[in-house]
Amino acid sequence: MPDPSFIFAQSVSGLTAAMFLFLIASGLSLIFGVLRVLNFAHGTFYMLGAYAAFQFMLWLGPGRGRFWLAALGAAAAVAVLGGLIERFLFRRLYGAEELYQLLFTYALVLVLGDATKMLWGTQQKSVSLPPELDSKPLTLLGATIPYYNLFIILLGPLIALAFWLTLQRTRAGRFIRAAALDRETLGALGVNVDALYTGVFVLASFLGGLGGALISPMRATTPGMDTEIIVEAFVVVVIGGLGSFWGTFFGALIYGQVLSFGILFFPRFSIFAVFALMAAVLIVRPWGLLGRPLK
Amino acid sequence: MTRRIPWGLLLIAVALAVPALGSRFYTFLANDVLIWALFATSLNLLVGYTGLVSFGHAAYFGIGAYTTGILMKKLSLPFLLAFPAAGVLAGAAALVFGFFCVRLTRIYFAMLTLAFAQIVWAICFKWNEVTGGEQGMPEIPYPSLDWMGRLPLLGSLRTSDHFYLVSVVLVALCLWLLRRVVGSPFGRMLTTIRENAERAEFIGVNVRRYELAAFVLAGAFAGLAGGLFGIFNRGVFPDFAYWTKSSEVLIMTLLGGMGMFYGPALGALVLILLNQQIVSYTEYWPFVLGTILIVLLFVFPGGLAGALGTAARRLRRAA
Amino acid sequence: MLEVRGVRKSFDGFLAVNDASVSVAKGQIAAIIGPNGAGKTTLFNLITGHLRPDAGAIVLEGRDITGLAPHDVCRLGMGRSFQRTNIFPKLTVYQNVQAAFLSHRGRGRDLWSRVDELYRAETESLLGSLGLRERAGEVSGFLSHGGQKQLELGIALASEPSLLLLDEPTAGMSVTETRETIRLVERIARERGLTLLFTEHDMEVVFSIAQKITVLHQGRIIADGAPADVRADPEVRRVYLGER
């Protein structure tokens, strides 16, 4: 029986992973909730966020505050890219069959994934931890926790709260929620649905890109991180419930813990466990923890 | 009766003639195309005819490949047993997975097919004792084809050519069977499900049961394609079941046109040939493919076969 | 032929059908009428098995069919046309009707025969009686609204039902089309000895062919009987006043 501090450490690492996944999966869930499309390219936005952060760090050089600038800049750049794609390409496909929309997002994965390779090559890149958080790690309950991890663990719920407040309290948030329920009526009410869709796409891309940028000091930035992460994001939104905001949050938490403890106790079967969980949820309760039965 | 060109027989004749060109490369390409054509056509039974979009069809391809590989390499069973076993095992898996999948609709159906495929991949990836784990199982033996060397005309050909000819026969047989299924009353019932599942229920069609049947058939034939592929590829690897393989075959099916029986096969041919050509110029094949897909999406929504069909119709009218 | 006993159905607390009981005798032509939202389509969906009642029973020819799946109900001899036209759009007119024959005659399990010529005679004869024979080769999705509704009827008839449910069969039709359709429906019902249960908004249609009328209002049956009696019923008049 491993000792409690080790379990605690695993739990913390699970929490950290969960927060990153939440950032990415929330964007996926948002796009699905409003635009009713499963955006395969979301993992690619995450990857682009990481590479953009690397690039900005390269230009800005090391120093206090640079990382945060790079991260935000990366997220913003990805957001702009997302907006352009939606406005000029994706919008044309709204009337088409869902299958073709999905195919388009997959084609984006191919194009953007390779474009990443063209621009940055295939060698893995790394970004150094921001100096503000790079001090001697914290020791809590016998486990060593880097400050950056702590930061991420605290940031996750903060962003979730901010996001949730936006959805609940602001006008734009109300429109987003309404669009998720009934877009035709919303359009008939005179709301600029086109702009709303673009806005949703931009926001989701920002979140995905931010996730990638923030993870870059912790994990190697390589091509192929897009196809890996998108499947994980799928698992999260399925468990939590497609289109449900808090569902995505809790789904990410559950996923993080299952993965980290799975690796601990059943190292050979941890990946299996995650997909088995996804299948089990779909079989027993397809709309996930907090989702609503679709149509 | 109008003079109808026996396209099927012509194609088989052309396919059989490929080794005569003497190029190992052409035979290799043709073999690749054949197997993927079968794989894509099997998926089309689900997507094009029943209206069920599966993101996890590679699971059955992988199961078929591993079945044949394990039976032939580890248990030294003959191809005559190992090949049908691929179809049977893949079909059985499809029965189990499909039972759960058909109770869901649309996006949930797709997600569950993906989940099951990833489970298959995870098992292949980690079950080192049986599947060879991450390294897979290289060096799958060819079936014993010495008897072919004794036949006239075929004596001078290599083993890979012999296997290719076997593939032609087997794939042609499978495609013919699938064609019969699609053109049968059962196949017609599937299209009613695709067109309007609610209405189909109320002409007495037990939609779930038919969907499961289609799922099993599609899985079984995908397994057969996998069985062939493992030998052709001289090795079986976990990525045969990974989700990106599922998306490759789905793209072929859509590209070629899911409304027509030979659409996916055409998609396989075009995609593989295109891949060959592009890869000789640049390593950025995914970029090219992605761009082509995007262009096609906006210009040819019916896929290649659809576009060809429209063109053919226009030509006939003009003639 | 058909007995609906005390059937109840609510959705998220909203009581759509409240203790409804209807019976239709063999060979009868019966109608269910009521203002919009009265629960007519819900009642139909309960009868055909698309919805499961919370309480009550549905009995077809003496056999309890409550809770059976729609495809089983259809096989027991019930046919239905839908309010929103429900055909197989990419299939031809011929294929639409043929599909119903194939299913009804149990050919669905056949994976081998070539499908095109099966039941050609029956299909063409049925198309002929509906006036659609010349359009047999057309893709059904391109038919006019009236044509699609006729095809819809054809599909329901091809299942060779003993009880036919028609959900607003003349909705969206012109006056001439309506008259033609009703004449057609009446003739076919007579020729085949069908029992007919239909819902309608067009009162002229209802009173011209219905032998028995049931009035639904807010989920409850408020009148049930011969046309003349229903027309004179004071509550019915109250409910429909202002409907003009």
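Just so it is clear, A, B and C label the chains in written order, and each chain counts residues from 1 on its own.
The rule is simple: a residue touches a chain if its C-beta (ideal position, glycine included) is under 8 Å from a C-beta of that chain, and two chains touch if they have at least 3 such contacts.
Remember, predicted model here, so these are calculated numbers, not experimental data.
Common partners of chain A and chain C, by the touch rule above, are B. Chain centres here are means of the Cα atoms, and by that rule the chain farthest away from chain B is C.
The chain occupying the central position, as judged from C-alpha centroids, is B. Centroids of chain A and chain C (each the mean of its C-alpha atoms) stand 50 Å apart. Distance from the chain B centre to the chain C centre is 43 Å, each centre being the mean of its Cα atoms. Between the Cα centres of chain A and chain B there is a gap of 33 Å. Shown for chain B are the residues in touch with two or more other chains, of which there are none. Looking at chain A, one finds that none of its residues touch two or more other chains.
Partner chain B is touched in their complex by these residues of chain A: 38, 89, 92-93, 96, 98-100, 103-104, 106-115, 117-118, 227, 231, 234-235, 238, 242, 268-269, 271-272, 275-276, 278-279, 282-283, 286-287, 294. If you check the complex, the residues on chain B that touch chain A are 53, 100, 103-108, 110-112, 114-116, 118-119, 122-123, 125-126, 243-244, 247, 251, 254, 284-287, 289-291, 293-294, 297-298, 301.
Across the interface of their complex, chain B is touched by residues 48, 50, 69-72, 74-75, 79-80, 82, 86-91, 95, 98-100, 102-104, 107-116, 118, 155-156, 158-159 of chain C.
Against chain C, in their complex, chain B makes its touches with residues 180-181, 183-189, 191-192, 195-196, 198-207, 210.
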